[in-house]
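To start, the structure under review is shown below, and the notes come after it.
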Amino acid sequence: MSTPDKKEAPKQIMFAQACNMAMAKAMADDPKVILMGEDIADEQGGGVFKVTAGLSEKFGTDRVRSTPISEQAIVGAAVGAALVGYKPVAEIMLMNFITVAMDQIVNHAAKLRFMSGGQTSVPLTIRTTTGAGTGLGGQHSDMLEAWLAHVPGLKVVAASNPADAYGLLYSSIMDPNPVIFIENTPTYFSKGPAPAPDHVVPLGKASVPREGSDISLITYSRGVGACHAVAEKLAGEGISCEVIDLRTIAPFDEETVLKSVAKTKAAVVVHEAVRNFGTGAEISSRIHEELFSELKGPVGRVGSGYAPVPFSPAIEKAWMFSEDDIEREIRKLLR
Amino acid sequence: MSTPDKKEAPKQIMFAQACNMAMAKAMADDPKVILMGEDIADEQGGGVFKVTAGLSEKFGTDRVRSTPISEQAIVGAAVGAALVGYKPVAEIMLMNFITVAMDQIVNHAAKLRFMSGGQTSVPLTIRTTTGAGTGLGGQHSDMLEAWLAHVPGLKVVAASNPADAYGLLYSSIMDPNPVIFIENTPTYFSKGPAPAPDHVVPLGKASVPREGSDISLITYSRGVGACHAVAEKLAGEGISCEVIDLRTIAPFDEETVLKSVAKTKAAVVVHEAVRNFGTGAEISSRIHEELFSELKGPVGRVGSGYAPVPFSPAIEKAWMFSEDDIEREIRKLLR
Amino acid sequence: MADKDVLIDIFTRADLIMQSDIRFRKMIGSGQLQIVYYPVRGQEVVSSAMMAAINQEDYLVTIYRGLHDQLAKGIPSKDLWAEFAGKVTGTCKGKGGPMHITHPKSGVMVTTGIVGSGIPIANGLALASQLDKDGKVTVCCFGDGASNIGAFHEGLNMAQVWKLPVIFLCQNNLYSEHTPMAFATSSETIKQRGEGLGMRSVRVNGNDASEMYAAAKEAVEYARAGKGPTLIEAMTFRFHGHLLGDTSHYIPKEEMEQAIKDDPMPILRQQLLDLQVSEADIAAIEAKNTAIIDEAAQFALDSDYPSGDEYRIDVLDVEIAA
Amino acid sequence: MADKDVLIDIFTRADLIMQSDIRFRKMIGSGQLQIVYYPVRGQEVVSSAMMAAINQEDYLVTIYRGLHDQLAKGIPSKDLWAEFAGKVTGTCKGKGGPMHITHPKSGVMVTTGIVGSGIPIANGLALASQLDKDGKVTVCCFGDGASNIGAFHEGLNMAQVWKLPVIFLCQNNLYSEHTPMAFATSSETIKQRGEGLGMRSVRVNGNDASEMYAAAKEAVEYARAGKGPTLIEAMTFRFHGHLLGDTSHYIPKEEMEQAIKDDPMPILRQQLLDLQVSEADIAAIEAKNTAIIDEAAQFALDSDYPSGDEYRIDVLDVEIAA
């Protein structure tokens, strides 16, 4: 695993590697950064997806702590350490497992600053990964960011490429608020340009990886790749799509989103999570509330189907959000 | 506590009493209906809000079971019993405590039917109560229905008056799917007309307690009372509001909602939960998606502020959704 | 028997707690305060003896029924009363209220309303102390009923595996809400559960100042020596039900009568007299406590409520736009 | 030593499991199947002896590493293999997959991928049996690592308080993913945790068919007699890591060598020979199992995938509109 202080960073790095490098840099920069999670230390393999590989060897097992299978205890310990000056990074192996830690996340991490009248704060980062499409089935694939986005006091972040992952995870760790950093298992090992060691991406700022004039595609995480693919395809037909990568899902960058849609006058919100009551609903509503009279038509929404994640590839594919869905929504709006 | 088989039901009953009567009727009608929860049996007081008072005396402590403080074990036991033919009603004392039981609710209750290919099902009801405005502070007041509405396989129900509570809770208990039935603590003891003993309210059907022509106010639970009050006030000025009580929040009754808005051409969605990423966003989005070109303006949303529930009455009031907020949204649309 | 000055210290804290509890119930009863209140009368000695064994810099994590722990730990009465009353002068500017009293200056880091949830957080505070080698201990208070929830198990396991300097003080008042311990608890003692988890565990009469203090001291030394956590099951009782208004109908008459006979406060007071502390000196302590409460209660009543806009502050590090 | 025919029964199940595990690993290795697979090689005897002590109507709740439990409980191999392959002919029409094998006809009610979560659900099944007085027992399988999660604690407490007819079978293979038991577990044994919760608890060599069967029988009789739950800590080992591809790098060489020496399968086979079961009879059992697997594997490969629209079915009782 390469780490920032290595002479020259590789031209291309994997998403998982970028997360590893961001943690390495944060730990090198600030002795108060510690990691906790199941099997994250090198003795235990450096994480089931090797995202923390090499870190315990480099920083010691006092700071990179493998834990029992106890998500409540993991998040709780991170909350407690954060209250007294640590910047813990807790790994919840898969996002479905936050369901056993929601009390610590929602009733405590998110609220202690407020309930204490600002006397304490919880500069905690929870890293977790998830994503469908590889046959992990109903309990290992859910995208649950909508829950966390609904919780005042939490920031929710998801990167779509290695460089952003590096810059966003570093910012998340250094942020004075509790941040949920959502990684994407299926794209852990896909590569992208390596960031400069000092590359930082501020929280709360969306990016516009592709400019366009006919429609705005607002998305995050794996949705960005899908939107790019569709934008490419439609460019051939002279349809110009602007792609917005939210990067921070909550609180999200309304300014960038509204500026884009004010220009294109049309928008489709895209995410992998179940469409019903997903984050796309909030983004769509905000656009309608601010730009209703300027819109060519209603903001479209693309998400996955109303069902648990199916195991069998055939069903999983039919259930999952797709480039076809995005294209259909775009055409519906521009027809 | 009166129960349905009492000769004549009282003219007016309290919300809590209606829930009690619904459970009594369900238990009388079906021996497979059992109740579990902390302190719910009469020996332990018949529930902290007395909602289950008298039921263990009537049906025995085999069927009305006080439990340890173990929400995971409570919901899990209810799931297991439901798998083999029981219709358990699990009480989670306050909604914030579902945070320790989300795994059983989301990964299991909601998914076992699907993951088993329909071989098993979970006809479970989870009763819980919540609501701000009485100084219970940050961990005892949250409205978290948006989380559950986002979970395929769960139904989410909330009544706004005693008669509906009676009819909806009975339907929830008899429904073959897992249902989350959300009660409202601050209005537990407010009264309303008593239902007939055989009164049943089907799940998935909204009601239109007030018809109007200028704007549709779409809401549920305590929002209904607030919307009625505002509708009354504005009626004086000749503004005619239609009030829609969703009753089932998910999956919600799109037909009734869209029919109403197609008529009034304007809508405001109202709930107590935090506005950001709340259920109002989904309802608003669905209306825009289906009726965009017919709308006078963007669908308005009213919800509580972006903060944990504050303790001090002054702050709690400022944070909380209000009739003023509803009125402002209506005027914004109709100006 | 603990030294005289230790017992005086414990009595001074315990009497402040007792008088505060009585005053809160009086003011709530008379409508001067409108809050949900969890009485602590009967559990004064447990926390007073525990906190007498640690320092101000040491950490405390407690629960909704926490007035005794918070006062024993040394939160200034004015700040505490103002928070109970929801005033801007309170520890938490009125945002947290009685269930979330926080005062880092006194080491009170978290008060939670979720049963058992303080335990994992206490581990985090203790972990920080272990890493910083600052010699602090963390005391985590909870009840007997909390020993049935998952966080208790996960928290004790992690604390033991990591040998954290934390003391789990289970204040066993024999009831969780309206449920007697035996009804919902599979083991005869909570101590036994700690042992099952391989943790040093003791069960003491928490209402006996000397016995409780000795157990606390031992656990503190054990923790400071880096040997790890201790579970203290402190037997006690609550005289005024789960929350104010609770009639204790579910408590057998004989049990209540016996508990009242064993009321720790008159016993501790008598112990002081037996140790030749003069009635006058004791009365002076009580009078001083009364004066503190008079001042604090008045301060709470006189203080202003926070402005509504406060809800946009302290959600995140930056103020939320209106 | 258990009776000859009992041991034959156990061997017959265990051999089917062993051969199935080998075949799955072979077919995944060769790319014929593309699934995440949790090998069970080494744990065959634990579940075979347990399931030999109960009936088809009795309930089983197990976990992702459940192939051995599911086959031992009697799920037809064809249905199981087809589900592993995600085919419409599978137990769950391909919707659940290997991690969620369900087959009520064989008493397999839940297979969960969430550590510890089967325990509270098992209580519910057992509660239904207790209320219905149907005499059924529920067996709940989980690993040593699961004893660190909250659901384990809450579930065991409730089962004991309610005296439920449930058997908690902790298959202690000494590792949770890449973590050795001692690293993350505060107590020396899991049995000790059951005792701390006041539950009847035993620790046995789960790889010894007779010892495991005797413990299972006792627990079943105890449960059927209405005396309540038992925690069985069955010592065992997994030879092929947490999931297929895991190199077991974290297991000390000597430990692995010793485990292989103690492989329960050759030992059990030898016990049959010692009991005068002829080599030919054993070979016949093995051949029959091979034939079952040949047929099941072929059936799985030949079966169709479900249609995509299936995702709208079984979410609720009614089909979801497209």
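Order of writing sets the chain letters: A, B, C and D. Residues in each chain are counted from 1.
Here is the rule we use: contacts are C-beta pairs under 8 Å (C-beta built on N, C-alpha and C of every residue); 3 or more make two chains touch, one makes a residue touch a chain.
These figures come from a predicted structure and were not determined experimentally.
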Chains touching both chain B and chain D, listed by label: A, C
Chain at maximum distance from chain B, centres defined as averaged CA atoms: D
Mean-CA-position distance for chain D and chain A (Å): 36
Centroid distance [mean C-alpha coordinates] between chain B and chain A, Å: 31
Cα-centroid distance, chain C relative to chain D, in whole angstrom: 45
Geometric centre distance via CA averages, chain C-chain A, whole Å: 40
Chain C, residues touching no fewer than two other chains: 92-96, 100, 112-114, 148-151, 154, 157-158, 161, 183-185, 315
Sites on chain B at which at least two other chains make contact: 67-68, 70, 72, 96-97, 99-100, 103, 107, 114-115, 137-139, 152-153, 305-308, 310-311
Contact graph of the chains (line, ring, star, complete, other): complete
Contact set on chain B toward chain D in their complex: 34, 62-63, 65, 67-68, 70, 72-86, 88, 100, 103-104, 107-108, 112-121, 152-153, 155, 176-177
Footprint of chain B on chain C - complex, ascending: 34-36, 86-88, 92-100, 112-116, 145-146, 148-151, 176-179, 183-185, 249-250, 305-312, 315, 320
Chain C to chain D touching residues, read off their complex: 148-154, 156-158, 160-161, 183-188, 192-199
Complex interface listing, chain B residues touching chain A: 72, 96-97, 99-100, 102-103, 105-107, 110-111, 114-115, 137-139, 142, 144, 146-147, 149-153, 250-251, 273-274, 276-282, 284-285, 288-289, 292-293, 295, 297-301, 305-308, 310-311
Chain D to chain B touching residues, read off their complex: 59, 61, 90-96, 100, 102-104, 109-110, 112, 114, 117, 119-128, 131, 138, 150-151, 154-155, 157-158, 161-162, 313-317
